[in-house]
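In order of appearance the chains are A, B, C, D and E, and numbering begins at 1 in each one.
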């Protein structure tokens, strides 16, 4: 079959998250040309280099081509823009929201979210500290029935900061204390030493009074001045639309779905050359998201680093003369590796498998109603052809 | 093009294989040294926990994929071989080997240590009677038995009541393991669901401190376990003894915190969910390469959780901290990236 | 006067009309018709005779109506578009008029899949609105659908059905307006259990002034048992029995007591419907329970029926 | 396109049991697109029949063929020899293909292996639904682009009937949307609801099959 | 049918294939009369392959694909199961007993189960015909 196809070391990074920035930095360090695009503003983290083109407020509306020769179409300040790259890293992060209906509580002066507390602490002294000085703060986790490492990690650091900088009295309520990231168990011990009171609950009763809040649980009732609830995270609103444009799949929980357990956590999508990094496809805190970006760049460089791409050993080949353009292969290919196209040389319209995008799984060949697709390189016993 | 940088990967488990494959695909000359006669490390005894045709995403298959890829990759494999001595050699390393392939010393510019972990020895948890009571086993043993005998290994043993006890040897500062081993809740609940699926009338209880149930791969299993009637009790037993009525059964007393009652209960099988601890020979390996160990005996690393105090020596997988197989693979790939960047700067 | 039928004259006189339904037998057994006829004599102003109701083969509506007419009762012939094309419909109408029938209810008709001949070919050459328009032009312009002149008068009081509970709800009033534009004279609605929704529908009908262009009779149905109520909710599309009525039927118990409660509820419903502006009468559908009609009309205080002198 | 579905295997077996030499002919156009009678389905059916009659004496000889479009005599001509040789021809084309073979090879016994269903489209892969019955006088513009004649169980032109409930047709709520709910929603969306007030007169059915089998003759194409 | 009776195993390379190689590394061998056909993925299994296997004299066909959710090409294992079910429905009509066509999900970590399934099928189908 054909040998290696030369390919440019050019990558599109989608998203404005910290993991996107980390991926861009790493790609530049490896000598890649990087297109950094986001529908919103892009963080200005001092990454300027001739090899980096940044496009903020730029929306992807269509994607053509395959690994090695993707062409992404954008709307940027009103005009259309087509950019070609060899690979795409999706690092759009996730979305925070306050699950009011699940908590059954509205935000008020007595009920804050962890983000609000964080914002307050960023304000200049003294109000940042005064807001919490000598106050008893009840931090209630797991109550929304959802655990997210990002929010648990943030709640840990908040509890520490409130104790140290604001001399607040912090009660940390939990159903199951999440400690399964390296160093998190140690962190809880440090918080205990700083005076954070950890309380396990089965089913808490939360009451928000005029001037105070209280939580009654297993060991009794604790009154406090402020109830702090972590928000929840969910897939960004534009995930479904982006998935359709990229022709990649979403999991049952609405996040981008990695290929599967076998390639697990390498951030591979079902399409060669499209990768997911960070919180858009996994539950992790900011630092884990950034190290996820590192390992995705390692996967990208493993693909493009040698400057050429080779097809799999066994790939599908469509005989254009037999193809009846019934679209079955296009609809059943899990890797979006086949399209019905105009064969320039033969001026016939038929399905064509992109040899670099094909995984060799054979779903198209077995589904083709006119047996026009052959799995090249796949030996089958003679009897398969029939007596 | 720069002449091929050479890297030595020590350890042929999931982490070692992942790092070796990534670096090899990127043009580095990689030599993988594995003490055992077979690749795979601890992942070799991980069983399949799929139920009713559906995979429970435990990560066991990660090894199969890597064994498939390593065969056709340019990585040079040295089995039944271990590192005898290491010398610094103008910025690189001169590694003397012993065992089957002790040929001349290997010269490399970087080393990735992926030496894995040891299961916590359940004997050290004396009061739990492991090794004395026939009905007390460990999660590692259960996985190994199912891997060797097939998913039906526990079908015909006439079990009625099974207990899984979490955090055995983990989250316990007094025994020098003040960390969560991350994997025990995940394998315990998946094993519990497998047993329940094959023997629906089985009563299974999991005794926990805190179930670690975050992560997309685990949410579905966690919810399903609760719906399938697997009982979760917040409270760990102190002592496990032989049941007086039925010698082959074990019994223990536990304080069910949430129910606020103290209970004594008999079980046909008690599975100790043992955690991870550093390899017995972690200290020698650290000394060989001149790197430090952290307070628990794992290899000490910088903020990136990968680089050590010795430039060019990187760490991947569970030898740095307890991790699931998928996380170890991801960490190894991050180590490969750090190592590749190091080699790049070296070549400038 | 459009037809001079008794029903038309009663409605024109402003009296609150009462019509009932008679289900013909599944064969030519005339004695069944005669028995049911006597149960209804003097109890209602006109009697609807169904046309292969729910696509189940029965004695034809025209023949049964002729029997009623010969025995001094006022029939309302029902005509569906399922079983006949426009030729057969017109000739059947001429026959009915020739035999003295003066009231005609135009229906689309249940799909044959619900009846005892699900493999039959249906017709649906016309729909109910086209049927109304065709009959109105035969009567007012003396012209057949094909355009030829009609030899003789076709004095018919034209009726149509309406289902205030079908979806899409906004369409229901639009469709009534279309039937009025097509020339319908009176409307008999689907049986009413959900009073609030019927009030909402009537309010919109009144807002559009349709109640001044057509006589509207509210459909009611007595329930024999709580089982019947649940059957309706599960199988009959278009309307449902609210829980309040199901609770009363369950409380009433079984057999005779349940049927008495069914009659009581029906009578109360009629009294409620009488107060709604634009409701000019009631159409009682007691399927296979013609015996219940007299006690219902009696309890609703609608006896004796007005007898017009001429 | 024309959508068809293969007959149950038991029915096909009963039809061909008596023959020793069988020719199975597929068609690579409509029935292949809807995966009822294309080349692969021919191979599948042939394999199944060979297995079914494997112990029969004399053995059943089954030849597999597939043509581009079985409703074109030129494409069928290549089958002449095979048809002459075979005792019966099992055609996996739609009804048109079966009858083209019969008209082209009058001595041949041609048996249908698929049931031709309707003109329709795939809602998704593996699910097809009817869109047009070929009434010969298209009125789609009057109903917001949704055909009540095809998609309403009673072909009502002044629908809906009383049996429409939350968008489903009472005749088959699970599979059938109520065409008139679709029309109502679409016209509401286009702001043309007033169209529903006009009374649609009775339809001229003569352009449909009711007027007898149809024929089109293009004078500009016939010498 | 073929003179020599045989069992055809149509197996996905990534799961059954790896499990077989682990068995072979430990000295296990496929019983004689078992033909191992390795597919790039369950998705490439064609109903026709199964029918052709029976036509070529297979006494039984065992199809092995990954567990659903673990397939490298996402839907391959589900395609394989659907195809086997389609053929199972027609087995009775073409004169083949229902239990002559089996579908099982498998993982590379299940060499023990692979061995027991193949040996059980071999005992059930080939052994009674005399060694």
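The rule is short, and it goes like this: a contact is a pair of C-beta atoms (placed from the backbone, for glycine too) under 8 Å apart; a residue touches a chain by one contact, two chains touch by 3 or more.
On a predicted model such as this, the values are computed, not experimentally measured, just so you know.
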item: Set of chains whose contacts include both chain D and chain C; value: none
item: Distance-maximising chain from chain A - centres being C-alpha averages; value: C
item: Chains most often in contact, by C-beta pairs; value: A-B
item: Chain whose mean Cα position lies farthest from chain D; value: B
item: Chain centre separation (chain B, chain C; CA means) in Å; value: 78
item: Between chain E and chain D, distance of the C-alpha-averaged centres to the nearest whole Å; value: 37
item: Intercentroid distance (Cα basis), chain D paired with chain B, Å; value: 59
item: Residues of chain E engaged with two or more neighbouring chains; value: 14, 46-48, 52, 55, 69-70
item: Contacts with 2+ other chains: residues of chain A; value: 260-263, 332, 386-387
item: Complete list of chain pairs which touch one another; value: A-B, A-D, A-E, B-E, C-D, D-E
item: Complex contact set, residues of chain D against chain E; value: 9-10, 13, 40, 43-44, 47-52, 54-55
item: Complex contact set, residues of chain B against chain E; value: 38, 46-48, 50, 53-55, 57, 60-61, 63-65, 67-68, 147-152
item: Chain A-facing residues of chain E, complex; value: 14, 35, 37, 39-41, 43-49, 52-53, 55-56, 69-76, 79, 83
item: Interface residues, chain C side, partner chain D - complex; value: 81-82, 86, 108-111, 113-114, 122, 124-130, 133-134, 145, 161, 163, 166-168, 170-171, 174-175, 177-178, 181-182, 190, 237-238
item: In the complex with chain E, residue positions of chain A that touch it; value: 249, 259-263, 270, 314, 332, 334-335, 359-363, 365-367, 375, 378, 380-381, 383-387
